[in-house]
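The same chain A turns up in both complexes below, where it pairs with chain B and then with chain C.
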Partner chain A sequence: MSSSTTTSRTTSLRTTSGRRRTRAGIVAGATALVLLTAGCSGGTRVGGDAPEAASGDDAGLGDVTGEIRLAYWGSGSRVDLTNGVSDLFVAENEGVSVTPEFTDFAAYFQRLNVQASSGGMACITQLQGRQLNDYAGQGLLLDLQPLVDSGAIDVSGIPEDVLDTGRGTDGALYEIPYGAAYDAIMVNTTLAEEAGVGSPADGWTWQEFFDYARAAQGSLPEGVSGVNLLGGHPNTFIEWLRGRGQEVFEGTEAAFSADDVVEYWSIWEGLRGDGVTISAPDRAAEAAQVEQSWIAQGRVMSDNKPGNQIGQAQGAIEGAQPGQELTTVQLPRGEDGSSSTVLFTSGWSIPRSCDNVPTAAAYIDFWINDPEANALFASNNGAVTNTEMLQAQLDDESLDPATRQTLELYQEIVEDEPPTVLYPAGYQANFETAFQRAYEDVALNGADPQATAESFVENLDAALASA
Partner chain B sequence: MTTTPSRSTAPAPRGSGVHPAARPVVAPRRPSQAAVVRALSRHAVLICVLAVVLYPLLWMVGASFRPGNEAFGTLGLWPDNFTLDNYRDGWSYGSLNFSRYFVNSLVISALAIVGNVVSCALAAYAFARLDFPFRRVLFALVLATLLLPYQVTIVPQYVLFNQLAWINTILPLTVPKFLATDAFFVFLMVQFIRTLPRELDEAARLDGCGHLGIFLRIVVPLSLPAIGTTAMFTFIRTWDDFLGPLLYLNNPDRWTVTLGLNGFLDATGTSAFGPLFAMATLAIAPIVGFFLVSQKLLIEGVATSGLK
Partner chain C sequence: MSVREGARAGGGGVGPAVARGVAGDPQEASVPAAPHTSSRRRREALAAYAFLTPWLVGLVGLTLGPMLYSLYLSFTRYNLLSPPQWSGLANYQAMLADPRLQDSIRVTVVYVALAVPGILVVSLLVALVLARGMRFLPMYRAAFYLPSLIGASVAVSFLWRQLFAGDGVFNALLGVFGLEGRTWIGDPDTALLTLVALSVWTFGSPMIIFLAGLRQVPRDLYEAAEMDGAGPVRRFTSVTLPLISPLIFFNVLLTTVNSFQAFTPAYVISGGTGGPANSTLFYTLYLYQRGFAELDMGYASAMAWLLLVVLAVFTAVMFATSRFWVYYGDER
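Up next is the complex of A and B:
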């Protein structure tokens, strides 16, 4: 310990050690600066022009052969099912091999970002509408419209509104959506019955939804709230806007105003003040995984949740509160009855750096249209978008009840011509957490809603403009 | 700063070389009641803190013995419905295969330890003992790399390894360790070697040792605490590393334990928490074991190299 302050003896023997040390310090500083600037300078984008096979009358048509990489998020059974689909594809196309690359949703995007910035994206890459423009905007993805026009990928089974969720802000088709997720109101029917409010009415409005929770509150058991606190939930805000017929984004700008945000927050602050929602600290402490969420633990009677999570939520509540039942109902509608439900689709994209477009296109076409493959995958990642396949799955009597519930609700939603939201590049990074944080500032710290909303919208516009 | 070799003897054990007048001498006597109370309350506080720190870990171990859907229902540690199913199911869950992941992780960790210990010790010896042009500048450069956050170099590294066609091999995770790229360990060992008396080197030289001889016969045996520390930290870092394997090991056959654990989770599908907790419990076992075995070396290494 005593020696740690003494520098090495070699230098202490030198008479010029002081000067040398200064010089070394300068060099070290300069080096650090160079390293830092090198590290922080603009991104490196690798990736050439669109391959020849991706344009013209025969776009995406050609020899289906060779090795191809398939990147997607998922775990457990989804991996087995996807491998099964790939095996079917390989059986039909001799000389092709499909190498899967899969990981959890969050980690998937960590890896994808590194691969994208170095031209190493898999030829068939799974994306979602919410992140699509982050990649399409950088010119990383192939416009798939020519491949559709040439017949390489047949999308005739997918409803137009659903296909549109795979478009970029420039209107080009960057993703072929195969599985559609949507939000729904998850209701604990056991608690609702006990509280005497019964099941929600068909085609309810947002006001009826708030009243429903309010009516139940007095008769719910101690520690259980009528509804989760959704003032900071980005999806609910977007859906509430769409129910009023308002656009959410126009190009790369927010199409809503700070006043809209304040109005939305005031609804939730009113409910929170009356004790209809869980407390703000409890909301902030809620875990991200559905199994740990308050609705799946029996702490709230209703919540806005992805419709396809009903199976996991029901499984968790059977462990936490034996005997309680959950169900999902369509999101409330606007006053004029128009649908609020925004579809979140997962689909396949082809990067511009792909060197085997014909095989990638053939795989995507197979994935969307092959009856056997779709029967096997069975809407494992959102309701299948191909209407024919959807009907086939609903007709299958061995379908498990949770998936049936998800698919039936989806079928209802699609018949309603659901509104489409095109998420601009930078949405994920600049909207979701910022909106939640802004509301927490109001609910937890008592910040002024007007000022908070204004600064939120201002920051959002600035961030989207530069994304 | 003095030129007299005042540190010519090996560092004396703590306290023994201190002048008696340097600190008050307390007459040996029975500890008073107040002292006992103080000691007891201090221990009580420490035990409480320990319980708080360990609670999440113990909860996880407890949850690994509960049926999957009861995992989150309770804050209690002891499972009501004790089951070993999570361990049975988790070891080969669906397409996951933990026998393979543990072997992969062990191979990568072992290579990383060997690489780091050998290369960092050699580099440190050079910086601490050899006189060569630009030594100080080069050392400053090595230290400057400590300033670079890992994230900054990810993309250039990925491009490089991609060009070398090393994706899907363990090379990107192990080869750099043999090139003394972990500046922290180089620094740690340089500091340690500098505390070793030079007279030993000189004596060895008189007996006919070259640099290799001095390094192997004098420096390495005396630097064992620092080498142990390096091995320990390298093991923990490599074993726990997620981003590196995530980027470079896409093929499930080459996955490490951390990637396997991540394979239980899925935000858009069904997560398997019971098996996840079971395998996570197994995954921390080697670290706890390694730590218990080498903690004496570790603490000695940290204490004697003047790093806190």
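Up next is the complex of A and C:
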């Protein structure tokens, strides 16, 4: 075999091998592109056209059948109770199956965002007024008013003020609120009695609340503060504004000024400087869980907490400070007596991508109006908004004391016609943690309050405008 | 006998003669076996690609694809809820004027600068002690390694929170010595230090690697050095350190990259805020906030690519400088 032949064959083999490698490379590249394109297209499908069943005189009416997905936040007992309600619904509607999807509150919205980005939201999706416009503003949710008008969903049992918390900034009804949470002043009555200030009476003003904590401070045990440090607490700021009759948002802009923020902060800095509140580092180190919060550990005499946390807080303080008792009272009012309480409702929405609107509508209607379902769920996620169901629960003598107190206080609040706050898209992302961060900068780093407040309002407006 | 003959002698299949021929004379071997080798190689290649397919699909679909897509997203305005809109370099320009990004970079650099040396020094010291040999060595080794397995977990981060709270165990310990404690995790001056301490506590993985390396250092080198009059410090600097320098290189690289990507402890201890006052706002935590809390996935993607570039440059610099300080025993 000659050397030239050998070289020639070698070259030929190498060329063939090279071509094969090239072809393999092309195939691999094409596969990658196909997969990449598939990934891109999957990630950009958002919302969808509203189904025909969601408009017209018979909107939401039709065959109640097939499978629907139900997405909500919660764990433990709420999962069992929700499954129980779904079982009741399925028992009444043959041929229907309900697939639950649940996670804890923090992870819920991350999951929802991912689902929304791929058009995969569950047909019945739980939302709150604070995040509602993030989704409604992107055209992801159905306007449920036609379904109410057609009779597919009966909301006659829900007070108008409460129902309005499910509306978007455009006035459309995107959520049927079923559970209402509210903030209240939680007071350690044992410490208050020992300090000689007694339990506060309803109808107090914000100034009287601050004076109450200040008056108690001198007589409280060492290491216990009159009130938690709420300068960076976004809810308290909003409620303080509402008590003064001020709006919080106007469209996509803050309706308050930097001066309002500075005034609010100066109140809390004054209390902190006088030793009436817990220290700023201790406030920053406070655990998020209510059982570990300072009020539930007996470290502060009063705090602003969700009213429905009284049961958990009382349970925790019985372990941490045996013998001490907690109660909740309505938030302080404005100087003219107007209510400061803002309702935070949780409710059900239907995304535009839902392909089984009649069944979703039937489920929501069942959830808010069926006596057996409501007796079972027992206001597990805020006071039940249907007044008839609320009264039925209050009439139940076996109702536990903590839930009874939560429901009774809610009943008082609703009779007061509480103000409604419409949260613009981007509220959750750009207001809550930013407000806390800005105050921490003042309280912990000594930042100038005026400059910090101006920067906060400016950034908030810019963020809300582009949300 | 030619390779082809050898192949025939082996039954026409893939016989030992082929292997011997290829190994013995590459030029000769590459020619005569062409038809058989060609189809065999094709079959082998197909088999190889078939076996590689799961990995290739994963690489393209789960790694390269998302990476390239995130590169595209970094040039868009994308809030997850509506389709991305091309915005050119806007995200990168916004990064230049973002005070929170600057805070997160400062926090991360300080964390890396404190945690990496801390981890390496502690792990090396413990490895030196364990390398001397002792009873119950496997038990000690496991005990020291255990924090590495659980250190980045949510449970331990909660524990850390309790440990360094105002009424936590650490302050109680200080009280025994008459020292006044503070709220370590609530004070911007000390919150990051608690995270550094948590990180240093998880020194197990580099310690195991150091321990393995120390046991490979030839005893005769120590004996020779000792006979030359070298004391313990000189033996450590002139024998131990050079011989374990490849492991130091490996541990520095791995620990630094991991530290830049630290997330869970800051997320849990600060409740996801990076507080107090941004003092624990790790780069990855801020990236997460922008992407998933503030729904600014375009900006978050740009941040991810900046981190990738920084880590790539750091790794390249480490490799480039390694020839000046890393000693491999087989070097001549």
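Here, the second predicted complex is superposed on the first by the 423 of 467 C-alpha atoms of A that agree within 3 Å, B and C clash if a C-alpha of one lies under 4 Å from a C-alpha of the other, contacts with A are read in each partner's own complex, and residues count from 1 in each chain.
In this section, a residue touches a chain if its C-beta (ideal position, glycine included) is under 8 Å from a C-beta of that chain, and two chains touch if they have at least 3 such contacts.
In this text the structure is predicted, and so the values were computed from the model without any measurement.
In the superposition on chain A, contact of A:Gly74 is made with chain B only, not with chain C. Of the two partner chains placed around the shared chain by superposition, neither chain B nor chain C is touched by A:Ser398. Counted by residues of chain A touched, the larger count belongs to B, out of chain B and chain C. Look at A:Asp282: by the touch rule set out above, it reaches chain C but stays clear of chain B. Within the superposed three-chain model, A:Gln110 lies in touch with chain B and with chain C [touch as defined at top].
Contacts of A:Ala429 after superposition on the shared chain: chain C is touched, whereas chain B is not.
Touch criterion met: A:Asp134 reaches chain C, while chain B stays clear of it. Applying the stated contact rule after C-alpha superposition, one finds that A:Leu444 touches chain C and leaves chain B untouched. In the superposition on chain A, the residues of chain A touched by chain B in one structure and by chain C in the other are 1, 6, 9-10, 13, 20, 24, 28, 31-32, 35-36, 39-40, 43-44, 46, 106, 110, 114, 117, 287-288. Of all residues in chain A, those touching chain B in their complex are 1-4, 6-13, 20-21, 24-25, 27-28, 31-32, 35-36, 39-40, 43-44, 46, 69, 73-80, 83, 99-107, 110-111, 114-115, 117-118, 120, 181, 287-289, 291-292, 297, 306, 308, 311-312, 315-316, 318-320, 346, 380-382.
Residues 27-28, 30-32, 34, 38, 41-42, 45, 49, 56-57, 60-61, 64-66, 68-69, 72, 79-84, 161, 165-166, 182-183, 185-188, 271-273, 275-278, 289, 292-295 of chain C are the ones touching chain A in the complex.
If you check the complex, the residues on chain A that touch chain C are 1, 5-6, 9-10, 13, 16-17, 20, 24, 28, 31-32, 35-36, 39-40, 43-44, 46-47, 106, 110, 113-114, 116-117, 134-135, 138, 140, 279-288, 426, 428-430, 433, 436-437, 440-441, 444-445, 467. Within the complex formed with chain A, the chain B residues making contact are 1-3, 5, 7, 11, 67-73, 93-95, 128, 131, 136-137, 140-141, 143-145, 147-149, 152-156, 158-159, 162, 167, 191, 194-195, 198, 242-243, 246-247, 250-252, 259, 262-273, 303-306.
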